[in-house]
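Paired with chain B in one complex and with chain C in the other, chain A is shared by the two complexes that follow.
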Partner chain A sequence: MKRQVSAVLLAGFLLLTACSSKSNDTANSTDSGGNQGSSKEITVWAWDKNFNIAAMNQAKDVYVKDHPDVKINVVEYAQDDIIQKLNTGLNSGTTSGLPNIVLIEDYRAQSFLQTYPDSFQDLTSSITASDFAEYKLGPTSMNGKQYGVPFDSGVAGMYVRTDYLQDAGYTVDDLQDIDWQKYIEIGKAVKEKTGKDMLTQDPNDLGLIRMMIQSAGSWYLKSDGSTPDLKDNAALKEAFQTYKELMSADIVKITSDWNSFLAGFNSGDVASLPSGNWITPSVKAQADQAGKWAVVPLPKLKNTAGSVHASNLGGSSWYVLNSDGKEAAADFLAQTLGSNVDLYQSLVTDVGVIGTYKPASEGDAYKSEDEFFGGQAVVSDFAKWTTEIPKVNYGMHTYAIEDILKVEMRNFLNGSDIDKVLGDAQSQTEAQIK
Partner chain B sequence: MKRQIKKITDQTLFSKIFVVMSISIISVTILTSWVTVQMSQKLFVQTFSITNSKIIEQIKSGLQSTHYSNVNIAINVAQSGAIKSFLTEANGNSLSNFKTTFSMNDQMKRIQSGIGAKNVGIVVVGVNGKSYASNRTYWSGPPGELLRNPITENTWNHNGQMLYSYMAGGIWNSAEPYVVASKELIMPETKKSYGTLFMMIRENEFRKNYASFTSKGNDVIILDQHGLIVSSNRQELLGTESPEILKNARDIQQLGLVSKEMKISDQEVIVLADYLPLYDFYIVNIIDKNTMLNHMLNRKAVIFISAGIIAVAVLVVYFITKRLTKSLRTLVKKMSNVTKKNFHNYMSVTGSYETKQLSKAFNYMLDELNAYVSQLVETQNEQRNAELAALQQQINPHFLYNTLASVNMLVQRGNKEMITETIHSLISLLQNTISNVKETISVEQELLNLKHYVFINQVRYGDQIKVDYFISPDCLSSQVPKLVLQPFIENAFFHAFNIKSAGYIYVVITKERDYLLCEVVDNGDGMELAGDQDTIPSPSSARQLFNGIGIRNVHERILLLYGEEFGVSISSTLGQGTKISIKLPG
Partner chain C sequence: MRNRTKHTGWLFIALAVILISIFYFYPMIQALLLSFKTGAGANLHFDGLSNYKRLFSDKTFFTAVKNTFLFLIIQVPIMIIFAMIISVLLNDSKLRFKGFFRTAIFLPCVTSLVAYSVVFKYLFGNDGLINLALMKIHLLSEPIQWISDPFWAKITIIIAITWRWTGYNMIFFLSSLQNIDHSIYEAARIDGASAVKTFFSITIPLLKPIILFTSITSTIGTLQLFDEIMNITKGGPGNATLSISQYIYNLSFKYTPDFGYAATVSYSIVIMIIVLSFLQIRLAGDDK
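Let's turn to the complex of A and B:
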């Protein structure tokens, strides 16, 4: 009996000391009790807050509804940053610090796929490649394997200000199916009547040249994707000449950066805007210009055989990196942008993304008329042109060649001979990409 | 509960020692820990202030190089003719604009790649309204928007000096805030402004200058002259104004203090601050004392160790105290058991010296007690024996033979009357000695017995020896041990008159104060006593004439019954007679 009492006494002391440490434990456990769930995390890198990011966020919302355990981080970077980071990471052979899904411009896709052949996940079995526009499959596939989920079409059109055209004595119909010579003619009239330039151009961006040559099924490289095709490229030559004519006609407002490019058409300084359809959200951002815009087919090259009224500018596609979590990332893309017709409808309506997923173009959203564009069924027009875009092989060196061409373009504008200019570009390119 | 408390208080010695020791151990441990913790805290705080002021120096030099890179951009931009003409030339035709823009762009790319300022967004806005932004994720708005920003006006007020400010994220740039370095571009010759240069650094890039030095509870805050928090690892503070921190930073800087301890929103913090002249910012390092000390000084470990020490010490004390008091407690237990008529609980002599001695003493005491008790038991046995012997004495068969022989003789003589009287006496005598079991009888009864005995003896041996009784009447009812006088009468009859053939025996019983004095006096032969007058002859005495055993038994019986002051004494003179005095309580 006495032993028990002293044991009680002793236990009391021990308990006292034990208690004091216990309270500390619980305080700590709430601190460290972190996220231990086995939730999957997918990181996506893209540029353009209003377009790609907005689209990806919609896809994310759709997917997360059915897969609440998946966490998707959409991170915005400038396209240059993404390229730099991808190159840095993939060159060193590590995927740590890189996202699971990345948006890559079609022009650059091959350079990544070919330079880092094992770094991207084969999506052949995840999506049905034939469901996408054919011209997108070139950039996004390699050796018969589909690596990218084709995204926005990049289909180009000519956005025009109907009011300025009207002031100059033209109607939208006058711009249907014209060539660039006619366009310059109209531009001159507009400049004369309204004082407004016809279009904007950034000397550092040869997007217009690209649109022109692709409309003729031509590219900086031959169809093998590696042989430079500059010197005797008739389409390129005519594109250069057309570019110079635009400049000489003094109907081009020169922009220095993206902001002034946007400001060009948002502030009403230009009468038209030849661009990819991804610019639609930016055009529509200026709500007070509703009804003043229309979209007409891209002018074609006058003298180049095979030039059509459809081209492409800067489409991009989604790629999955071959790293941890690739299955989840591939599944995410396959379930959303790879197959979800409904998602594409809301992408069209809410974001203005015109996808290249063929089954989606049957949806109602693609047929709807847009009051901003005076009731024109813009999307269905774009979708129609999409099917007409000539397929070219962008190859690996689009921007490397373009850096050379920019300088040569300046030389050309300064008075150099066109053949010499293209010849120089050819030899420089050959020297550089070999 | 009450019972348990009682149990504890019962164990007074153990519980007192244990409680006192425990309390001492606990208080010593706690106090020592507390003092140690306090001292360490002071030391840590000091060390912290020193290291963190070094860290601030390091951050400052990091920020300096960021600043130099910005300055380089600014110099290059300001010195570039292409950029100047882009920003100043009036709108020409498409071709000339193309060339100007192209050259400007070229220059810009060169500047940016030359300096390696990858994470700086460069924006220039010219007086002609033209602008250039190197990267649209930094700025995608129209130049007018930027010019309307208060930063621009501030810049213009700075005469071409570089100004650092905070710009919140918004629709024209990304959601994250920026630290913007801005500078007015001024023509060297005319001192006229031709544009404004903005170098936008994302706050999270700017933060990299010091982010590695921060941790939870160790925050760096950079604020401008208005207390606006420009950059901090605590992102929730970005863009908020904190005049309190600004004031403290100014105080520290002006007073030249290393650090200051204070309370900011109920948190005890150590604040270090310095001024960044290049930026016109204050850099403030706020260290949450509690978090930091918890981090550096593992209080939990201290508490655990102290608790461990206390637990072990208390345990040890518990067992030691228990051991020390164990023998004592056993002692107490055994001693308390002694009351239960058990004198054989001998202590094992173990434990400490004191307990050993106690045990020994206790055992010795038990020994004594047991010896005494056994002696007592022996005495009682002796008494019983004496009584038995007395009884045997009285019904001595020899006496019976003699008596019966006398009766026989009387029968032959035919003295009927005498026979009846003799047998009657014998019967009475036997009745009183054998049937009466009482220890004591009254004097009267004793006298009756004596008379019967004397009568029988006189019948047997004749009446030359006369017996007279002198009894004081007040003694008749007094109680005396049974057959206390008979042995002496017998003695006198058979041994006192061997030489003399006739004589007298007197039985005198008187009361003197509080005791009774019985005397048997004869005028017989007397005897030679060994020593002093009063000594009773030893039973082994060779003198067969005196029946020592009977007299000695009487004496011992009286001693046992009444104590030392009573007893038998003998005085005798040869030829004169013998006197036996028996002293009894009245």
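Let's turn to the complex of A and C:
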């Protein structure tokens, strides 16, 4: 009998010690973390190996040269994983499993800043916010405080295959300053002459709609960032109608995911690609297409007043979490991506990253010509468009609203009335985000 | 002495009871409490039944329920009938290479959910192997939009889950078939019953408990369907394949986090599973 009791006790004791040894470990590690002694460690999370990770590694190399006592770990996660880990970590109130610096997409930034107040470090005094592109400051700040270091510009352009255009009787000049109607017209000619589709679209991704409406200074929400603006949104209405025309013109190759999207232009199946400048490394990955590509300004909406040839797609910024090591992390960002003009030059040359730090665009690297794009100074073009992007308030519900719009878009493509689908989207959105 | 024995017994199960309480019951109660709270992210506060009210006016939720039940109604019967037929064929004593066939059919369900979903996504892509093959043999003139078309996306998901789970259910049928006394079949044969007659009059009635078991577990599995949707279609195109679990994921992580409402939707699954299992047991398990 006694033996049985002691067996149970032993089992329980083992369990307890297993737990307690764990808590000892964490206690020790926080001690060494809080102790600002000889070595400091900064962990960074980001996605996209060829772009964000590569850029962060450059920043790291620059910083570590002057601060040999700092150890910086750049960890790559998929964006979805970062969002998931951040949400669960911040919601449980513990930051122990989270990094010091994290990359967050601009569309989502406000949802993190507003739903987890005090979880992010105020960087107002670390960087000069006014040195960054105006349209990036809305998503990265809250209540007048600057929380993010604006990074990837996401400035959109139209990548075009000059050889296909030529076959159809057009030159790059014919695509300067056009509207989407003209674009569709050219697309039909290209399809007729070359048999190639004009562009790819994934029906599950409304990026094109986002680009179209932001080019007119409009968004899914009013400028307060919380009132849904779908029902009588002229820009959105025209974007929907343009999208339908595009789809019914038989010039679109349908793709189902990111890889088939990449394959769409890498394999030479399509003649153009409206996208954010972060796609440049992927376009250039197909070295045998060198000289065949050019970048033209994004077409604008024909009938919506105020639509310009500049817009944004994606784009992200760096944030420091309000936890142990925040001072070191803030200093690292402030001295590299927050102010280092030279770093931005090498980012342009080596990685192809176009930042939003205004003083950097004066540098030589921004003026360099790119042989892949037939000698066009693409970076300087993109940098110029960056300054023209209309500022909108993304608010915190971009993807929730977009999931509603995707369904309504399908209804619209299947023949529903435009005012009805936008009205339905409006009422569903009001119920969803209240 | 007997009293002490009793105490020791309790002591032994105490550990399990404590662990189950901490890791099962506590989270369940917490989730129930959470379902009464609203607010984004960490700013949660009690708000009575507002989440439940929202549930009944939420179009997206109903789309998710509709899709999930569509998968359930179409896929589960197909799969169970498949599993049954295959297990009867494999149980044939004259069949050679039995081990090989059993392994081959069971193999899909030991592969990782994510891995097979990703493979399916590529197989059924617009430029995927399935389309290429069908076009090569001139069954198709144009590729089917397996993943980008609302109708075909549903079919793709049904094909995927059928492939993955038929073997799993087959194992239950096989083990049950092996417990059926062979003399019953012999007697039937002597009485001149045909193979079909034997199947419907002997095999199926004797398999009834297993049919019930597999349909309940498959129902529960389908109501919780997530991995395939997440990895193949992400609920798209335009919510055409959105499952309830995918919606919970979207509410928690894709949109501005709304954990309270996500917990409410989770509890709706609990209620549906309870009701459906109860109905199935009532309908099939009359002798219990």
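Going forward, the second predicted complex is superposed on the first by the 396 of 434 C-alpha atoms of A that agree within 3 Å, B and C clash if a C-alpha of one lies under 4 Å from a C-alpha of the other, contacts with A are read in each partner's own complex, and residues count from 1 in each chain.
We take it that a residue touches a chain if its C-beta (ideal position, glycine included) is under 8 Å from a C-beta of that chain, and two chains touch if they have at least 3 such contacts.
Just so it is clear, the model here is predicted, and its values are computed rather than measured.
Student: Per the contact definition in the header, classify A:124: touching chain B only (first), chain C only (second), both, or neither.
Tutor: Neither chain B nor chain C is touched by A:124.
Student: Tell me the contact category for A:227 with respect to chain B and chain C: first, second, both or neither.
Tutor: neither
Student: Looking at the overlay, does A:94 come into contact with chain B only (first), chain C only (second), both, or neither?
Tutor: Neither partner.
Student: On the A-aligned overlay, A:250 touches which partner chain: chain B = first, chain C = second, or both, or neither?
Tutor: Once the two structures are laid over each other on A, A:250 reaches chain B alone.
Student: Let me test your reading of the model: by the given contact rule, A:203 touches which partner, first (chain B), second (chain C), both or neither?
Tutor: The answer is both, since A:203 touches chain B and chain C.
Student: Report for A:171: first if it touches chain B alone, second if chain C alone, otherwise both or neither.
Tutor: A:171: touches no partner chain.
Student: With both complexes overlaid on chain A, does A:73 touch chain B (first), chain C (second), both or neither?
Tutor: Neither partner.
Student: Taking the superposition as given, does A:410 touch the first partner, chain B, the second, chain C, both, or neither?
Tutor: Once the two structures are laid over each other on A, A:410 reaches both partners.
Student: Which chain A residues lie in the overlap of the chain B contact set and the chain C contact set?
Tutor: Looking at chain A, the two contact sets intersect at 1, 5, 8, 80, 84, 202-204, 254-257, 259-260, 263, 406, 410.
Student: Which chain C residues qualify as touching chain A in the complex?
Tutor: Checking each residue of chain C against chain A gives 4, 8, 11-12, 14-15, 40-43, 54, 57-60, 63, 121-122, 125-127, 145-148, 150, 233-240, 250, 252-257, 259.
Student: Quick check: in the complex, which residue numbers of chain A touch chain C?
Tutor: 1, 4-5, 8, 11-12, 15, 80, 83-84, 87, 90-91, 93, 111-112, 114-117, 119, 202-204, 254-257, 259-260, 263, 396-397, 399-400, 403-404, 406-407, 409-410, 428, 431-433
Student: Provide the residue numbers of chain B that touch chain A in the complex, in ascending order.
Tutor: Touch residues, chain B against chain A: 4, 7-8, 10-11, 14-15, 18, 22, 26, 86, 93-95, 97-102, 104-105, 118, 130-137, 139-143, 174, 299-300, 303-304, 306-307, 310-311, 314-315, 318, 322.
Student: For the complex, which residues does chain A have touching chain B?
Tutor: It is residues 1-2, 5-6, 8-10, 13-14, 17-18, 20-21, 24, 28, 47, 49, 76-78, 80-81, 84, 197, 201-204, 246-260, 262-263, 266-267, 406, 410, 413-414 of chain A that touch chain B.
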